[in-house]
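In this document, chain identifiers A, B, C, D, E and F correspond to the written order of the chains, with residue numbering beginning at 1 in each.
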Amino acid sequence: MRYAILLLGGPYSAQAAHSALRFARAVLARGHRLEGVFFYHDGVQNAARLMAPPQDEPHLVDGWVGLNAEQGVPLMVCIAAALRRGLMDEREATRHGKQGHSVEAPFELTGLGQLVDLGLGCDRLVTFGP
Amino acid sequence: MRYAILLLGGPYSAQAAHSALRFARAVLARGHRLEGVFFYHDGVQNAARLMAPPQDEPHLVDGWVGLNAEQGVPLMVCIAAALRRGLMDEREATRHGKQGHSVEAPFELTGLGQLVDLGLGCDRLVTFGP
Amino acid sequence: MLLHILNRSPLSSLVYRQAIATMGTEDRLLLIEDGVQGALPTLVRHFEALEGRLFALREDLVARGLAGKCDASVQVVDVDGFVELTEEAERTVSWY
Amino acid sequence: MLLHILNRSPLSSLVYRQAIATMGTEDRLLLIEDGVQGALPTLVRHFEALEGRLFALREDLVARGLAGKCDASVQVVDVDGFVELTEEAERTVSWY
Amino acid sequence: MTDVPPYHGDLLVILRHGPHGSSLLREGLDAALVAAAFGRDVSLLFMGEGISALVRDQQVGPLGQKGTAATLQMLEMYDIDRLLVDGEGLAGLGLAPRDLMLPVEVLDSSAMAVQPKVHRLVLTF
Amino acid sequence: MTDVPPYHGDLLVILRHGPHGSSLLREGLDAALVAAAFGRDVSLLFMGEGISALVRDQQVGPLGQKGTAATLQMLEMYDIDRLLVDGEGLAGLGLAPRDLMLPVEVLDSSAMAVQPKVHRLVLTF
């Protein structure tokens, strides 16, 4: 089956990101496809490139990046939710006249239309709330 | 009286930051001193320097920076809570071998000891929860 | 006398019970943010033990269109009154 | 048949009532994260309408030291079983 | 009870949070508007605190926060006209349909239990 | 009732959240440990879901998340020995003090209502 995940919880503040990552691995292990992870609400904070948790704890950005590298899972971040929370890639930083950036590939800033397409285009969308 | 604020809510996700900023202004308007605002839990996200809300909405970073500029209120961000959520200043970025930074002055990364000193050293600490 | 501050509605969160459980007989409770919903006549019964010691923040009521809908037992204060309540209390305790 | 997913404890959040209100007579409910507390014998009564359709995630029980404390009426599944439940359901609805 | 009823729509957005207190109400509405703009058939279900989003006379927040009243006024323009309200929740707030800013369909408990089943996708906010 | 009782300590940290589900429990414990390390007299009050932090046999999370059990074991080393538990909440979880990993003082409702009054600062997590 074709799965998708909607993640609404911020990293470390809520268990949602850990739960979603674990679920993603289990979905793939059962032979399903994971069409994408959409980050919305506090979930957008999972794309913060400067995340530096203590070394004896799971590194969530590394977890997401690994999912993308090994399985090609798209990591889609709601641009409107991201910008107001301080998350932008180089292109948005340029557009806003700011130096530096807080989001980088493989995370991609995108619109809510992608969430709708993802949710209605796949067989199962599973939401992990904050 | 000497006041302090503990802010636990993230920007835009929760009303906490708006409430805290409004309360801070009212405290000062009544002639009190505001010894500091301590950002902890999701509250640390208020220090995200790339925050870019729509122009017709309140800009929280500007609000905090204004409080500091006009009244000298220290803006203290819990370093442990910040690092795991992707918030670091240039010094921490260098220490972690990363390019760029997501927090800048007047926000200062500091330890929880500052929260304890602030809370026990002032007359009133008011917490704004997520 | 302490000031307890509650920002959740009794419609969805049970934290109001924890606030009440730790309140002394003179302590006050201020409803702010989503907590102001507790000032509605159908929900204020959850706070009946606090007769005369229940407050709600005017600005948060107004923003939600609830300013004219509060129960008569609730004392409505603006943010200046919020600061005044913290002045009068020995300390504050927040519930969320 | 739909799978509803709940991540809050009935000890602090009333969202479980909203989940139950929208469940059809064949729908299932899976407790995850802090929601697994609802599988304890003293709290499972909140879910009595779901007899035989209540599940709890093993990994989240284990992490909390609650693995051996669940009520007998709750079916415990691991994360592989979680995926299986989503396969069997037409769609999922999350409550938080 | 085992028959699957005909679909009422593509997307059901369940709104459980009030205005101002969190961004979830607005984010749920934004998802609904975008889906509608893309030609999807969208229903909104207001439950619990979410019902308070429909109360009349809402204002901007004290720092000028916009709230959601203006967004709700745009629903009709986006052809979102299936606004469902949990009747029990409405009574719990002491409100009647005339207290709300938009015309709604009030659901009893049996109608509530059908909604997630008759939409292809359910998003909860 | 109007007499202020003598202070029991500098800081009361109220813990209302369980392990793993959110970071609040850990963040509350961290604040308590730092205060104790700075020589402050700290009490912990476990309420509601927070009581479940004391359940025996907790494990790391499925991704290796540490949880809070190891932190709780360090409390004694930091001279934090006033561990208060809401008796009603304990019963609500179907637990007794022997189910908990550390010795605690179980409070009845009148003792609960005194705690915020007898500490100079109260932090709620």
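Just so we're on the same page, a residue touches a chain if its C-beta (ideal position, glycine included) is under 8 Å from a C-beta of that chain, and two chains touch if they have at least 3 such contacts.
Computed from a predicted structure; not experimentally measured.
Any chain that touches chain A and also touches chain E is listed here: B, D. Centre-to-centre, using mean CA coordinates, chain B is 25 Å away from chain C.
Inter-chain centre distance (chain A to chain F, centres taken as mean C-alpha positions): 34 Å. The geometric centre of chain E is 39 Å away from that of chain F, both derived from CA atoms.
Counting partners per residue, chain C has 7, 11-12, 14-15, 33-34, 59, 79, 91-92, 94-96 as the residues that reach two or more other chains. Annotation for chain A: residues touching 2 or more other chains are 12-13, 15, 22, 41, 57, 125, 127, 129.
Among all residues of chain E, those that touch two or more other chains are 16, 20-23, 48, 61-62, 65, 120-121, 124. Interchain contacts (touch definition given at top) occur between A-B, A-D, A-E, A-F, B-C, B-E, B-F, C-D, C-E, C-F, D-E, D-F.
Listed in rising order, the residues of chain D touching chain E in the complex are 2, 4, 14-15, 18, 21-27, 90-96.
Those residues of chain A that touch chain B in the shared complex are 10-13, 41-42, 45, 48-54, 57, 61, 83-88, 92-93, 96, 98, 100-102. Those residues of chain A that touch chain D in the complex are listed here as 1, 3, 8, 15-16, 19, 22-23, 26-27, 29-30, 32, 124-130.
By the touch criterion given at the top, residues 5, 7, 32-34, 59, 79-80, 82-84, 86-87, 89, 91-92, 94-96 of chain D touch chain A in their complex. Those residues of chain D that touch chain C in the shared complex are 11-15.
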